[in-house]
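Structure first, then comments.
Letters A, B, C and D name the chains as they come in the text, with residue numbers starting at 1 for each one.
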Amino acid sequence: MDQILLQILNGLDKGSAYALIALGLTLIFGTLGVVNFAHGALFMLGAFCTVSLNKLLTMEQVVLDETRMTAWGTPMEIRTPFVEAWFGEFGTTLVEYAVPLSILVAIPVMLLVGVTMERGLIKHFYKRPHAEQILVTFGLAIVLQEIIKAWFGANPIPQSEPDALGGMLDFGAAIGMTEGTITYPAWRLVYFLFAGVVITGVFCFLQFTTFGMVVRAGMADRETVGLLGINIDKRFTFMFGLAAVVAGLAGVMYTPILSPDYHLGMDFLVLSFVVVVVGGMGSLGGAVMAGFLLGILQSFTAMKRPAIFPDAADRTVGEDILNVWYTILEYLPGIDQIIIYLAAVVVLLVRPRGLMGRKGVMET
Amino acid sequence: MNAKASSRNDLYLILGFIVAVALGPIIMTPFGGYPDLLQKFAIFGIFAIGFNILFGLTGYLSFGHAAFLGAGSYAAVWCFKLVGMNVLPAIISAMIVGGLFSALIGFVSLRRSGIYFSILTLAFAQMCYNLAYSVLGQPGMNLTNGETGLQLKLDDPRYFGESASESGTIPPTSMFGIEMKQIHEFDLFGMTVQVSNGYFVCALFVILAFYVSMRIFRSPFGMMLRAVKTNQNRMSYTGLNTRPYALAAFVISGMYAGLAGGLMSAMDPLAGAERMQWTASGEVVLMTILGGAGTLIGPIIGAGVIKYLENIFSSFNDQVMTGFFDFLPDWLGSAMVWITSPFVGEGWHLTLGVIFMLIVIFLPGGLMEGFARIGRLFRGSRKRGEGAADAPRVPAE
Amino acid sequence: MSFFNLSRRGLLKGSAALGAGLATPTIFTSSAWAQGYLNEPTGDTVTFGFNVPQTGAYADEGADELRAYELAVEHLNGGGDGGLLQTFSSKALTGAGVNGKKVAYVTGDTQTKSDAARASAKRMIESDGALMITGGSSSGVAIAVQGLCQEAGVIFMAGLTHSNDTTGKDKRRNGFRHFFNTEMSGAALGPILEANYGTDRKAYHLTADYTWGWSQEGSMKTYTEAIGWETVAAVRTPLGAGDFSQYLTPVLNSGADTLILNHYGRDMVNSLTQAVQFGMRDKVVNGKDFVIVVPLYSRLMAQGAGEAVKGIFGSTNWHWSLQDAGSQAFVKSFGQKYGFPPSQAAHTCYVQAMLYADAAQRAGTFHPCAIVEALEGYEFDGMGNGPTLYRAEDHQCFKPVLVVKGNENPTSQYDLLEVVDVTPTEKVMYPVDHPDFQGGDLGTCNAGI
Amino acid sequence: MTILTVRNINKRFGGLKALNEVNLTIEEGTVHAIIGPNGAGKSTLLNCFIGRLEPDTGTVEFNGTSLLGLKPHQINQAGVSRVFQTPEIFGELTLLENVMIPAFAKRDGAFTLNAWGPVRGERSLMERAMEMLNDVGLAKKANDVSGQLSRGDKRRLELAMCLVQEPKLLLLDEPTAGMARADTNNTIDLLKEIAGRGITMVVIEHDMHVVFSLAQKISVLAQGTVIAEDLPQNIKGNPKVQEAYLGGAHL
């Protein structure tokens, strides 16, 4: 049973990243009608906000120590980060909290990136076919990632969570199970909560503010809202910025989980599109739901029967279910690698417009 | 439009194409061309021509065409392993396998249109890639040899050929005794031109592929495909069943992809899984758009540009760039090297991305639209007053 | 130098069939056979082809390889401090080029894809007249390019490739590997793991789902089971999975007390970081501390994994902190030129380039078959690994293997691994007919004519 | 002889009853107009004939065979063509191509893989298409791209596309909507000429001038029900019709 709960937890945790990216993608699609292939790159840029801040905080003063030599015969460099040299203890804390602090950096930066992108490029593509939108944003994604590569190199750059938020949490004990059965990394739970907060925030924003109401009306019928004399374009620009911020924040908080490198965006791009399509193009709720669903699917297909498994007589109900599941998986080698795509195919064939999609969206 | 004139234009077009393909090795030599690159031009040209039949005519944007190319190359290598080293059966079986795969995937994917279709094809192709990379390459059920790619071995049976040549090596791919990798060299205008036998085979196929594509473009079937792109509703209320038209286009382009894959294996008998990856599918989309989707020549030009960037641009290192800016004063030379170096060598992707964005933004009709505009500019300045508005919006072919 | 390399020393082969049809001024049909081998250098330079990943997941490793090659060329042509030429047991090379010719080089990008790697190797052979291809950072690419070089008729000096198959079932007469392999990793790690972690362990494997991963998993299973460990499960993970959490959660309650990560590159960086995040370094299972083992280590990857590597065992081909004269000489010239120490990939590539040049010098020709002869069964020393043998039967180098551990207290950003043990050659040497290396055939040497 | 028989058709959209027990018979060789106020269900009814919508209950028989469950292209192949309210044409193709496509559909059926011979080799079809374009007065623009046409021209083009197929039944959804008076009159003349060829027509129209110039029989639809069916001269006086239209005012 604990194994099943653990995989569900893991699926939700995986899904929260998917949901966040897909949410932004759907926001852009729903409001602006633009298929943004550069969305993965925005996620990647968010992650590199953290890297940059971290680099900034750990900028070091280099002192050559003439008394010690490196293996290749030059004087040893003694490096101390400036912040530590200047602020001492507080500086160390600053460095340690670099990841959560990057949120403060990422919000304005990503907003700026998003707005610039919309005004400078995307704006000119509203009237163009979807294929061209896909292509120009795809080109942009390549350019962005190559710039990041030229700047930061190709290797992943590790970021660590603050110690206070690291380590393992005993989740099982918290819900009244035997201690130590369901433990999960604290940071991943933080990520899950963070995703929950952001998603709720976006929904509330759209649901309860006048701004959000206008935007939702615009999503439903852009022309009519335009006729009411409301400048919908400005609001849509802001929505693009917001979507960029959501993607960026998803990237910032993801860095301790996955060391960021320039290719991060492309890795998530295909996946996030699958999530959006499974959820239904233009449906925010669908995107979030599909994100979590696919996360759980991925998590469950990755299981394998361990050599130490109780015999039929000693099994609990949970283990019986697991046993059946393991047996199914044994007949489907490699299923974990294609499950996302398989799910997309099945959903699209059974429910043509995705789980929660509306009719007529993006069908031509 | 005069029917006779347009059929004469087509004749000129195909003749011009044949001449260009025949002179390719000579034209490309000063620009760093070499046999393998020229073969790539032809092979990816075929791939793009085929993709264009689907995307350019019907407007269905497939993000999974690389799967058919990959399936075709696996089929061809298996043919080399089991049948013999003659390239013809290999190429034919590659086309058949490409066609079968595309019929299967197309039948399912074409139930949806728009981006849903794109995602479906993408999903199928990624499934093929992932399975080919891992599960199908494992000992026991080794169809693809996984990451390394399917290679020939000395102990392959080759039931209708020889397993190993007399000298104990794997026999080279050949067509009735003519070895594909054999290279001829001759001097012309002070440069040494290299041509391989493989290029002749590729050239033959690219000419055939181009000719067939031209027939399709001019045929009622081609017109129907353009109708599919423009208005599917009208088509069905006109008594036409759109699905088989789209599927036929899909399968034809799948067979083109299979042919390209088969030729790739014929030139270099190895089939790797990464040929099926979605980025490879994206590449053929880039080629087609770059050159001009829906035009006859455009996709081939696009294929050439991208392969040139990939193979020649990526080989420019600082050493080469410094040499290139030799004629400039030292400080200016190093400044130029500094400016250009992010765009060449390992930065060739950046160049590709920038060029591609510029094309999509300013020339949605691709390079062919650019040529047409330049052409109009000249004509316009010669006979001013006739009005540029008359110029047809359809891209030149 | 012109924008494009026009001086192509291309190959020619006579062909009456189609060649004659090409109405051309001069066809060297008759003289073609007079040439001894493909791309025989006729001028005063000889061209090496450096085929390394410049884009993709191994780009940084590729960049380091390229640095090493440039250094090697410099040393071969008499520049710099001579590097390993000072300590190399063979004194054939003097820094005056090879066989009286200056060494030039061309580069290509493998993109860590078999197709792309073969395409760039072909370009270097056909267009640039390279008569030796070297480099690479993955086994799939190495095997693919080795196959190509065999068919084309040039020598392939493999870069970083660790799979058994490179010198096992996919070995080729024209291909040589200096790097060690998974079998040797397993053999070296086995005793160290036994000494540190005992004989009663339950191991859970996470394996990258491709050729090298399977090879590594097989070797580790063999050697850990030999010391009495039990294999709980071996789970295959897709290449580039990024987040491995769905594969890590089943480990937590599986009863395993050891996690073996048969991953390399980005996969290794991510899976190791995440495994540590999942508390696997602090966990206690079956009354024993949970441990993680990374069979193949690389300093560049340790850098990527950061704190996570501390205290974790693995093996490596070479490390810059070695104190022998060869290693010190190499670190010195590399460090002085670039400001940081070389990686194991850089080392193996440098050595491969040197070994090729030395073999050519000793043979007095660049004829591939002569070089194959010069390298087969060749014994040398002073290249940083101690006494080394290029075994004739499979073209694999046999030399001591380093067992390393993530450094608990690094003194610099490069000081991430500490050498725990140098396993002597005889401990890692395996017979030619070892079952994991079966099914291949070197074939005959091909000179391309 | 009856060419189209519609019995007891019902169609609901959610809570809205769009068609309620509609019965209709169309006689071969006649022009039959369907009129009614906005939202009466006229277009919905037409959509049920061509397979765009499936009625909830009821039957639609064309020449004795049921049209229900057939795909749109099958219905067209059986001999039913339609001109839409907003012109449905192939906007990226030339006018000539627009007309040739239905000509091919008529000759070759729903799908033929004739991918080898060029279009321009099809002399007789091309001549026929030109003839049709000439009939609707668009022959001069034959090689223009059709998307650039005015709305009236597009509608005439669509008419030519239907005519080239020589349908047994032609459905026209507001063929003159948005046209200038002169254009309307031209269209009326054209339609009269077509009617003279013996093609059965069903016309939905708001413009009573058009209706009374063309129709031999008129059905009035209101709130999804046929409230009257009669000869033109009798319809004007029908009190139910007056009720439905202007709440009792005279037409």
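Keep in mind that, in the parts below, a contact is a pair of C-beta atoms (placed from the backbone, for glycine too) under 8 Å apart; a residue touches a chain by one contact, two chains touch by 3 or more.
The structure displayed is predicted, hence computed values, not measured ones.
**Student:** Contact counts by the stated rule: is the higher one at B-C or A-B?
**Tutor:** Taking the two pairs in turn, the one with more contacts turns out to be B-C.
**Student:** Going by CA means, which chain is nearest the middle of everything shown?
**Tutor:** Central chain: B.
**Student:** I'd like to verify one number: the distance from the centre of chain A to the centre of chain D, where each centre is the average of its C-alpha atoms, in whole angstrom.
**Tutor:** Each chain's C-alpha centroid was found; their separation is 53 Å.
**Student:** Roughly how far is chain B from chain C, going centre to centre by Cα mean, in whole Å?
**Tutor:** Each chain's C-alpha centroid was found; their separation is 33 Å.
**Student:** Roughly how many whole angstrom separate the Cα centroids of chain A and chain B?
**Tutor:** 35
**Student:** CA centre of chain B versus CA centre of chain D: separation in Å?
**Tutor:** 46
**Student:** Going by the touch rule set out above, which residues of chain A reach two or more other chains?
**Tutor:** 334, 337
**Student:** Going by the contact rule already set, what residues in chain B reach two or more other chains?
**Tutor:** 130, 134-135, 349, in rising order.
**Student:** At least two other chains touched by the same residue of chain C: list those residues.
**Tutor:** 55, 59, 209, 236, 238
**Student:** For this entry, which pairs of chains touch?
**Tutor:** After working through each pair, the chains in contact turn out to be A-B, A-C, B-C, B-D.
**Student:** Enumerate the contact residues on chain D facing chain B in the complex.
**Tutor:** Its residues touching chain B are 50, 52, 71-73, 76-77, 81-82, 84, 88-93, 97, 100-102, 104-106, 108-120, 122, 143, 145, 161, 165.
**Student:** Give the list of chain C residues in touch with chain B in this complex.
**Tutor:** Residue list for chain C touching chain B: 1-6, 8, 10-13, 15, 17-19, 22, 24-28, 54-55, 59, 106-109, 113-116, 118-120, 122-123, 126-127, 138-140, 143-144, 147-148, 150-152, 165, 170, 209-212, 214, 236, 238-239, 441, 443-444, 446.
**Student:** In their complex, what parts of chain C are in touch with chain A?
**Tutor:** Interface residues on the chain C side: 55-60, 63, 202, 204, 209, 230-233, 235-236, 238, 240, 242-243, 245-247, 249-250, 252-256, 266, 269-270, 273-274, 277-279, 282, 300, 303-308, 320-321, 328, 331-336, 339, 341, 412.
**Student:** Sort out for me which residues of chain B touch chain A in the complex.
**Tutor:** Those in contact with chain A are residues 59, 61, 108, 111-116, 118-120, 122-124, 126-127, 130-131, 134-135, 278-279, 282, 285-286, 289, 342, 347, 349-350, 352-354, 356-357, 360-361, 364.
**Student:** For a test of understanding, state which residues of chain B touch chain C in their complex under the given definition.
**Tutor:** 30-37, 40, 130, 133-135, 137-139, 146-149, 151-152, 154-155, 164, 167-170, 172, 177-178, 181-188, 191-195, 197, 200, 268, 270, 272, 274-275, 310-311, 314-315, 317, 320, 323-324, 326, 345-346, 349
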